[in-house]
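The first chain written gets the first letter, and so on, giving A, B, C and D; residue counts start at 1 in each chain.
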Amino acid sequence: MVNLPTNPADILPFIISIITSHTFITLVIFPGLIHLVLASSFLTWYERKLLARIQLRIGPLYAGWPGGILQPIADGVKLIFKEVIVPYKADRTLFTWIPLALVFLGTLPFAVIPFGQNWVIANLDVGLVFVFATTSIFPSMIIIFAWASNSKYPFIGGLRSLFQQVAYEIPMWISALSVVILARSLNLLDIVNAQAKIWFIIPAFLSFIVFFICVMAELERLPFDLPEAEPELVAGWYTEASGVIFMALFLALYLKLYLMSTLVTVLFLGGWWGPAFLPQPVWTILKTMVVATFIIIPRGIYPRIRVDMLIKLGWTRLLIIALGNVFLTLLIVNSGVLSAWGL
Amino acid sequence: MIWAVLILLFTGPLLTLPYLIVFPKRKEDHFRDMPFESGQVPQGEARRRLSMQYYPYVLMFVVFDVVGMFLFAWGISFTRIPIGSSLMVLLFLILLGAPLGYALRLALRRENW
Amino acid sequence: MVTLVSYIVVSAALLGIGIYGLSVKRNAIRILFAVEIIVNAANINFAAFSRYLNPPQVSGQVIVFYSIAASAMEAAVGLALILLAFRLNNSIDVREMDKLKG
Amino acid sequence: MEVALAVPPDIVFIILATITLLAAILALQAKELIYGAIGLGISFIGIAGFFILLDAPYLAMLQIAIYVGAVVVLILFTIMLVRREVGEEVIEKGERGEGAAGLWIAGLLAVSIAGVAALAGPNLASTPPPGQLPVSALGPVLVTEYPVPLVILALLLSAALLGALMLAKVER
């Protein structure tokens, strides 16, 4: 335990020592809350800007320089002061508290994501499984929210969302398994450290492809955005959300986007490894932004796929490729081809 | 665990404050609070019984969830496992492959659900 | 002080809640909840004993592993049965499932 | 973490136990089945917390991924499938008289088990032996020492999958 100061004169230095301690900084500032909120709101702006450029528009422009970068803050303020409409006969408790729980669940997995050798909050031995376990709670939350809003579009959308996330979780886990086999650890720090000489995208290229497709499906991005399909379902499972509730849901969704991008970076793109002229966290964030760009771009250029295509892709092709790739990885590791890179 | 507590402490006030500001219990207004249906008046019950079509996939997910967690337990330590025992895992997966194929065949037939 | 006994007490309390649900509830899904709670009470005991034994045993954890897998499957089949019963009887009250009664 | 915010394990244990037990009661007593499912999920998460306290983090993750991630989803799905159009819980009415008897039986059972455990308390190990098992200790035991249960597990999984599908399928 930390010894509390008894002398009143010691209180200010004590507080300063707490604020400047590494634990506090990791928790609150850098991989912690402030960074997460900033990064996810930056991602909303970035997505709008990128899509606008793809479609030869300009996008957000007026709030702040350059290019309306303060737009997320303006949106947040607007949404906070908007009236919240709880639909008639909706389940009020669930409707208001599920979004908060979603934000909580979206922030929780960042505890184990390493942004640098020392920039990790909790060095868990089961880090990867922790991320998967926490994200697997999302679908049930979404279906409960959709049920609670007592409206038809959210219910259909929530059902589709549940079904889709459930279908793509399995190939995602199994494609991550070959990374685990290569690194021989579930600890994300160890996984990144194992990539010092060679990024796992090279020995595990197939699982990278599978993982990336599954990430897009988990995030409900086009071409997999059946749960929110605007022409059919208005806005999918969050049709009835307004005001603060919508803000919380949006924050949770973008936190999940950021989480999945960092996860791809950490598992396949070597995490913080890069030429030493930039500090480690900068490399992680740069790679994450590249991954996020590739996740966002299809939204501007691809049409939506059909439900049966979704099923066939997830349950037959991706699952079989992922399983086959596990055994391919086993063969590669056992044959000792990778021993030159210390694997 | 500390992380979880801290997030609760931070996101709690951060989001409940606007909640409290925005959520004074007001009189129910049937027309304003009506569910959105592109301007039409909603008919019938919203939480209608959902179709069975999605059921087999959720079931398959439950089964393969267990398989996935098992494979992770095997994957982190496979260097310390003799190769003969790893063949056991192969057998495990092959044994599960056949039901998966049959389940998919059942699930893809529309008339079953 | 957290000892083995405290885990046993918690698990006994869970077992009691589960038995109560099993004996009183008439809704089939509620009965399934009760069964899951009982299985979890047993799992706590396995994990606790495996931790407090000397030397630390991994076998207890393996048993919990199989137990979790088995109870997940039990839930899957149980829910399928409930669906079937609902389709046949249009009710999930276990007292009304008496078609076989003479 | 260098500033060990060492919360005493007793407090954590008591909080976890309270959450788990209250959520389990909510699971059985909540009016709406959806709330019951949520209570069940919270109770499972509490038990995962117990596994973490018992130095079995992999089991905790297993618990969350399988129970909260999969079984609760299946339960929610089934609840939504078997909903009646009107009159959600007509069933609960006949339970009043039997509630007291069930409570007595369950309470007696729980108290007697707890009592026996408390009596045997001095003979049981009170402090856990030092030394945690690494996460990777689980895999080899699972595969090398218990190969037959493994195959049986595969058979169980396939039987459950096919059986549940055949049960839920529409007969024509």
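Keep this in mind: a contact is a pair of C-beta atoms (placed from the backbone, for glycine too) under 8 Å apart; a residue touches a chain by one contact, two chains touch by 3 or more.
Fair warning: this is a prediction, and the values are worked out from it, not measured in the lab.
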Interface with the most contact pairs, given as the two chains involved: C-D
Whole-Å gap between the CA centroids of chain A and chain B: 16
Rounded Å distance between chain B and chain C, as computed from the means of their C-alpha atoms: 21
Separation of chain A from chain D, taking each centre as the mean of its C-alpha atoms, in whole Å: 28
Residues within chain A bordering two or more other chains: 122, 129, 136, 147, 162, 166, 169, 184-186
Touching two or more other chains - residue numbers and ranges from chain D: 1, 5, 58, 61-62, 65-66, 69-71, 73-74, 77, 80-82, 135-138, 142, 153, 157, 160-161, 164-165, 168
Contacts with 2+ other chains: residues of chain B: 2, 47-48, 50, 54-55, 58-63, 65-66, 68-70, 73, 75-78, 86, 107
Full enumeration of touching chain pairs: A-B, A-D, B-C, B-D, C-D
Touching residues on chain C, where the partner in the complex is chain B: 65, 68-69, 72-73, 75-76, 80, 83
For the chain B and chain A complex, residues of the former touching the latter: 2-4, 6-8, 10-12, 15-16, 18-19, 21-23, 28, 30, 32-38, 42, 46-48, 50, 54, 57-58, 60-61, 64-65, 68-69, 71-72, 75-79, 83, 86, 90, 93, 104, 107-108
Chain C residues within the chain D interface of the complex: 1-10, 12-21, 23-27, 29-30, 32-34, 36-37, 40, 43-44, 47-48, 50-56, 58-59, 61-62, 64-66, 68-70, 72-77, 79-84, 86, 91-93, 95
Complex contact set, residues of chain D against chain B: 1, 5, 7, 12, 52, 58, 61-62, 65-66, 69-71, 73-74, 77, 80-83, 85, 135-140, 142-144, 147, 150-151, 153-155, 157-158, 160-162, 164-165, 168-170, 172
Complex interface listing, chain D residues touching chain C: 9-10, 13, 17, 20-21, 24-25, 27-28, 33, 36-37, 40, 43-44, 47, 50-51, 53-56, 58-59, 62-63, 66-67, 70-71, 74-75, 78-79, 81-82, 89, 91-92, 94-95, 98-99, 101-103, 105-107, 109-111, 113-114, 117-118, 121, 124-129, 131-133, 137-138, 141-142, 145-146, 149, 153, 156-157, 160-161, 163-165, 167-168
